[in-house]
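Before anything else, here is the set of structures, which you'll find just below.
In what comes next, chain A is part of two complexes: it sits with chain B in the first one and with chain C in the second one.
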Partner chain A sequence: MIRALYFITLFICALPFIPGLLGLILPAFSWLPSLGMLTPNVNAFTLLASWPGLSHSVLLTLLTGLGSTVLAVLFCFLLLRQYWNSPYWQRIELSLSPMLAIPHIAFAIGFAFTFSSTGWFFRTLEALGFNTEGWFSIIRDQYAVGLLLALAIKETPFLLLMSIAVLQQIKVTQLLSVASALGYSHKQAWLKVILPQWLPAMRLPIFAVAAYGCSVVDVALILGPSRPVTLSVLVWQWFNDPDLSLLPRAAVSALLLLSISLLILALIRALEWYLLQYCRQWQVAGAHAAQSQGIGSRRHYLLYTPFVGVSVMAVVLLLLWSFAQRWRFPDLLPTSYSLRFWQQESLSLLKLSANSISLALLSSFCALILAIVCLEYRQKYQRGLPAWLIALPMILPQLSLLFGMQISTYFIPGNWYWLWVAWSHLFFVFPYLYLALDGPWRNYDIRLDQCARSLGFNGWQTWWRVKRPLLLPAICLALAVGISTSLAQYLPTQMLGAGRISTITTEAVALASGQDRRVSAVYGLLQGMLPFIFFTLAIAASRYSLRANRSHQQKRRANADDIIAAKPHYR
Partner chain B sequence: MKKLFCAWLLALAASFTPALAASDNKVSAQWQETVNKARGQTVYFNAWGGSQEINAYLRWANKQLQAEYGVTLKHIKVADIAETTQRLLAEKTAGKETGGSVDLLWINGENFRSLKQADLLYGPFTELLPNWQWVDKSLSVYEDFTEPTEGLEAPWGVGQLVFIYDKQRLSNPPQNFAQLLYLAESFPGKVSYPQPPEFHGSSFLKAALLELTDNQQVLYQAINPNTEPDKFAQVTAPLWDYLDKLHAVAWQQGKRFPSGSSETVQLLDDRQLLLAITFNPNAANAAIEHGKLVETAQTYAFAQGALSNIHFLAIPWNASAKEGALVAVNFLLSPKAQQRKADARIWGDPSVLNLKAATKKDAAQGFALYKSIAEPHPSWQTALELEWQKRYAN
Partner chain C sequence: MTLSLQNLTIGSHEQCLFENISFQVRAGEVVTLMGPSGCGKSTLLSAIAGHLSPVFSVQGAVTLNGLNVLNLPPDRRRIGILFQDDLLFPHLNIWENLAFALPRALAGQKRQDKALATLKRIGLSKLSDKMPTEISGGQRARISLMRMLLSQPHAVLLDEPFSKLDKVLRSEFRDFVFTELTRQQIPALMVSHDEHDIPVGGLALHWPWHQRDKR
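Moving on, here comes the complex of A and B:
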């Protein structure tokens, strides 16, 4: 049964790669019969190599991809060390859902509203009497500082969320008390005891962040450098080139982007191996005299404030802009307000939301079942999906992958647009769900299963009554991640649905291409609303299930004699 | 199969064209049949969806079409029409010769050339349309960026490369590119243009080259910079010379450029730039109407005229609702629809119809078109973009 399901998963989630990659590789060698290109050649490769500024673009992509990931991991680790199990943690956890819910594109717009050369930050400086003309601004700067920072800030909450389930599994409190009993300070214990367990469990989420950082287009268009652009933007521009005969060049550049992204993942993996496996003396070098005052020195929100601050600023400015009729530089507030931008869009909102939600729920629940199947299969047969296969849909430029997928759907007669869109969502949601569950599954103590089996539960009962309750928090969060991923899909919805299935996101992206700040703000907020609801639900559910679990355990402890005395029911 | 189909279409078109010339009655019978067939069809119109005004206009068109012809016009909003051309190419690759997902699309220039060369368009159809008679043939409706349209697309509106300035901040706007440079030198950091290959940026380069070169004629013939590097270098030398000087005193010292027309409008409003650039000769009025610009903003063109092009409507070869699409195009070309489109409070896109089409009540469209300069051959645009990339992208 589980084996059959596993192969169904492979079929659904790996099959699209075949047309997807074919649709990338064949055009790369200039083989496109529908355009009359019938002789394969490598012209497109030379065309790409001779593109001025290519190496610069590649460097920028390496810098933003690797830099934003390393920064985000660092931020995440420092925040965890500071706040995990502290009274502030609950508040941080509460703040995660709104921060995660802000779509990348809305965050980028808000970030730009804040820091661009006519943004709110510079308006404040002007109000204070500075003349900011010609000052350096981090929006679209040539070193990609703004892009790198924005990505790092935006991804940190995601890593924090992924860490919750991981840390709940690796009994942090016990480890820390043992470590402190052995003379390790709080900081040292986190570095030498928790980090080596946390990092491997976070591998896939980190890969996802890195893959996103390399291949992101929309955020890079708003915040990234323009001379030259990052490689991902270049690929996107080339795929959108009206001259179809230049499609091979786009395909080759997509292959290049793919290899760069894979290189970055390899580098991150190598870094992890170097720190944790190869060069591990620092871990076992013992405790040093504690320089800091240990746990007592936790400073309030200082570390976390910038993350909340930037996000709140972004949302506030989005709100202001969505109601602004006139708001010139350097006015601190709009000079006239209007409701028209909300009114114009409110008509179709209900239908768009219904489409978005139904697609998201369907694809995420299917993906959840498939991901659990894969993870159980791995536990049973010690054979899992290779990490690169999981990461592939996240790294590959969607545009290039979808071209091949789109062609293959046309070979099937009939117009099954809704089905194809749901399938493509499943395809892109699955890796995120899988990576969200990967860590918790890895850290699940398999002896609990063995124990339950030895007490007479069959496989299903063990899963449902022992494993599921323990992993429910992770499952809730994973679902929320999946749903928000599905809600954000633009290209798959548009391309496989032939534009006939419109969601909040397709509408938002189409309207954002007009670059009206007000309209962008309205849709940025609307786009954040649905994920916000789902993240809040998920975090509430995960907390509730934890609590329910705990009270359940206590109840059992009260009747411990009963359990020991009663005869196990063999079935 | 494909050839057969095309041949059939050609034959069909050929049989219509003389009939059109011969008698009006026969045409209307023919047209009546199309209208009958179209009833109940849904036309999926793929068009850029980045403007609330245009989207609202298309919603209005849909209501009218439903009431008058029983045709539903569904606006498929895309961020870039290249998404649609890609989809058509995918359908072609998969051999989907009928029942395509696109019935009508809004294109011009390079996109049209691409689709035409790949045989992805239906037609010729323009002469089948009763409202074709109203179209102002003095506009370049037979050529799209020097590419003959051959009836494969019907004109919808006019774009003219013009500038917007704020009367309060700039009393004497530059009348040519030399004066523009002078303005930039007098006010360093206040002049810029969108970064090519963005549409407006590339058009700025073409307009500048047209003024600066002493050999305009050559720009209307194809160029291949790989095989004729000397010719290209010689013709374009004045442009690079000019840009070198302009960038030194441009916004952000020429290290950064606005991403497109909208950003120049935004920067004009934020008092960062003195001039914004747009392809809609009515843009200033529309922008004031929507709160994007101060009321003293005004559109104008350089003395040499404005680089002009027409945007078109085309029907893919495999459209499912061809009759519905024809009826929709015909409606969009009607005096009523064109007049509403030209209204600055609605959209403000100039009409493509001649004055005879206008009834007395709406004799003028509220504004006149500027003197127009035809678009150079598209190969120049590609070559200029690449050369710009080489010189300034790093």
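Moving on, here comes the complex of A and C:
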């Protein structure tokens, strides 16, 4: 049974790659039988090459993809160097989950509310007496500075979270002690001892950030430049072109996007190899003298504040705008408040939330079952899922992959939109959920199972009565990770749903570029609240299960004590 | 060089670990601190090296040839430290681990030459290009000590450096450490649970570190 389920998982998760790639490559050569294109040719390539703004779009994509990744990695490393093992680190670690729970789209809308030319930042400057008319704004600017910064700020907590497990594997404190005893300051020791070990271990998360940065559509639609747009947005626009004969051009551009993403990943890998392997003399060139500024000089608590500040500001502004009745520039706060927009949108919100939640629950529960099956299979047969199967959905551009998947669905008769969307959500949710459960499953002491089996429990009883209660907190949290991943999916819902399935996320993106900030804020806020609700529920459930287990144990112990205490000689 | 502890008091807001500890370690001498687990042996070494958690307060003085190093950052104290784990840097090969400790003034090829010469002296030159995971525990321990000595420390702290080695290796490595420290005339303060670790003719301080024994 477990073997069959394992192969079903392989089938479900590996299958999209085949139509994903075929559906991308064949239309690129203008072979699309369903649209009557039966003669392969390279016309679409010529058409793409002659597009006037192509080089600019490619440059913007390279800049945002590579720039945001390098900045996020830099921010992450500086924060770790500053705070790791300091008393302030506990607070940073606590702040990571809520910051990660804010979806990219809600964050982008809040970011736009903060830094647009009529946003809160400029309102504050006006209140301070500056005349900001004609000042450069980073929202939808032609150089994509706002998009780059927003991505870097949003991805930094993710890299920090990933770094925790990595640094726990490295003996940071002891290695730093040794380095300082050898004459290296704190900063030099982090650079020469910790960085060369941290960076290779962070390769997959960094690749995921880079791939997301160069293929992102939803955030780029809200914060990115509009003329010309980034390549991912250009692909998206061409893909939605009503003239279906231009579909090969969209396929070629999706192929180009895939190539650029792979090029960026290769560049990052090459840079890592050059710095850490090829040109490694700097690592052993000796300590710089007198760079240290004395004990305690590294505790600048302000470094982390902008990251929390921007996220908090984004949420607060979404909240304020959603209840604002009248908020003219340059007022710092609304002059009147109202529930009007919540009431006006309530029916639509309910319907969209129901769609979002059903899709999220369906895909996440399926992914959870499949992930548990794979982990149990690994434990039993010592054979885990191939690493590429987990990594590829995270590091390949979603747009390119989905493009091919959608083209493939054209070949299947019938309108199975819900099924396709749920399948695509499952495909993207599964790796995150699997990774969230991987650690707890590895840490589980297998001897507990052996002990239970020796006491007469069968396999299923052992799992249900021993393993499940112990791993329930991790399962709850993984489920919340899966649900929040599904809730944030924009492209899978739009592309495989062919625009017929709407969720809070798709509406939030559609309304973000609209005229009314108040409606946009309502959708953005709800999009941010849904994952938060599920994370809160998961934390509550895991705490309840822990407490229930503990009270159960205590009760049993009390009973045992009663029995022992009842014997006269124990009194 | 002489390492002196003068009226050293270490405590947190909850408790005082020890009060007014004073003793001296002369050049080439190894003083062994003995005591039960949890009495603060490693804490004392951390305080001297400058790695003590900020929750502790340190009063008194730790001087190296008359200079109080307590207010200096760890990297400027010039106090070498050897732990029970060898703590070779896993991303560097053996000669690079040694070169890491050399002063910056020694540049380019000279760094590699010096590292290789050190390896040759201790009979491990064949290991120069190996990674730390590819050599034995005893070899790693020797290289770890040599790395520390290459940084030319003014004093050395040994935090149970032999406790993870087996009986034969332990004896060999112990002799190697004491010979090198005596040769380079460096004062050393060692923490240990084992009476056998006290060097012949060396001083041992028993908890609460006022009672002196000579082996």
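We adopt the following convention: the second predicted complex is superposed on the first by the 351 of 571 C-alpha atoms of A that agree within 3 Å, B and C clash if a C-alpha of one lies under 4 Å from a C-alpha of the other, contacts with A are read in each partner's own complex, and residues count from 1 in each chain.
Here, contacts are C-beta pairs under 8 Å (C-beta built on N, C-alpha and C of every residue); 3 or more make two chains touch, one makes a residue touch a chain.
Treat the numbers as computed from the prediction; the structure is a model and nothing was measured.
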Per the contact definition in the header, classify A:Val166: touching chain B only (first), chain C only (second), both, or neither.
neither
Taking the superposition as given, does A:Gln283 touch the first partner, chain B, the second, chain C, both, or neither?
-> second
Larger residue footprint on chain A, choosing between chain B and chain C, goes to B
* Asked: With the two structures laid over each other on chain A, which partner does A:Leu60 touch: chain B (first), chain C (second), both, or neither?
  -> neither
According to the stated criteria, A:Ser180 is in contact with first (chain B), second (chain C), both, or neither; which is it? second
Note to self: According to the stated criteria, A:Ala391 is in contact with first (chain B), second (chain C), both, or neither; which is it?
What the structure shows: neither
Dual-contact residues of chain A (chain B, chain C) none
Residue set of chain B touching chain A in the complex reads 44, 46, 48-52, 55-56, 74, 76-80, 82-87, 89-96, 99, 101-102, 109-111, 113-114, 117-118, 189, 195, 197, 252-253, 255-257, 259-260, 262-263, 266-267, 269-272, 290-292, 294, 382, 389-390, 392-394
Within the complex, chain B is touched by chain A residues 32-36, 51-53, 56, 117-118, 133-134, 140-142, 221, 226-228, 237, 239-245, 247, 324-326, 328-329, 336, 338, 341, 344-345, 403, 406-408, 410-411, 415, 417, 490, 494-495, 498-500, 502, 506-507, 509-519
Listed in rising order, chain A residues that touch chain C in their complex are 87, 171, 173-175, 177-186, 188-189, 192-193, 196-197, 276, 280, 283-290, 292-296
Contacts from chain C onto chain A in the complex sit at residues 49-51, 54, 71, 73-76, 78-81, 83, 85, 87, 89-92, 96, 99-107, 111, 147-148, 151, 153
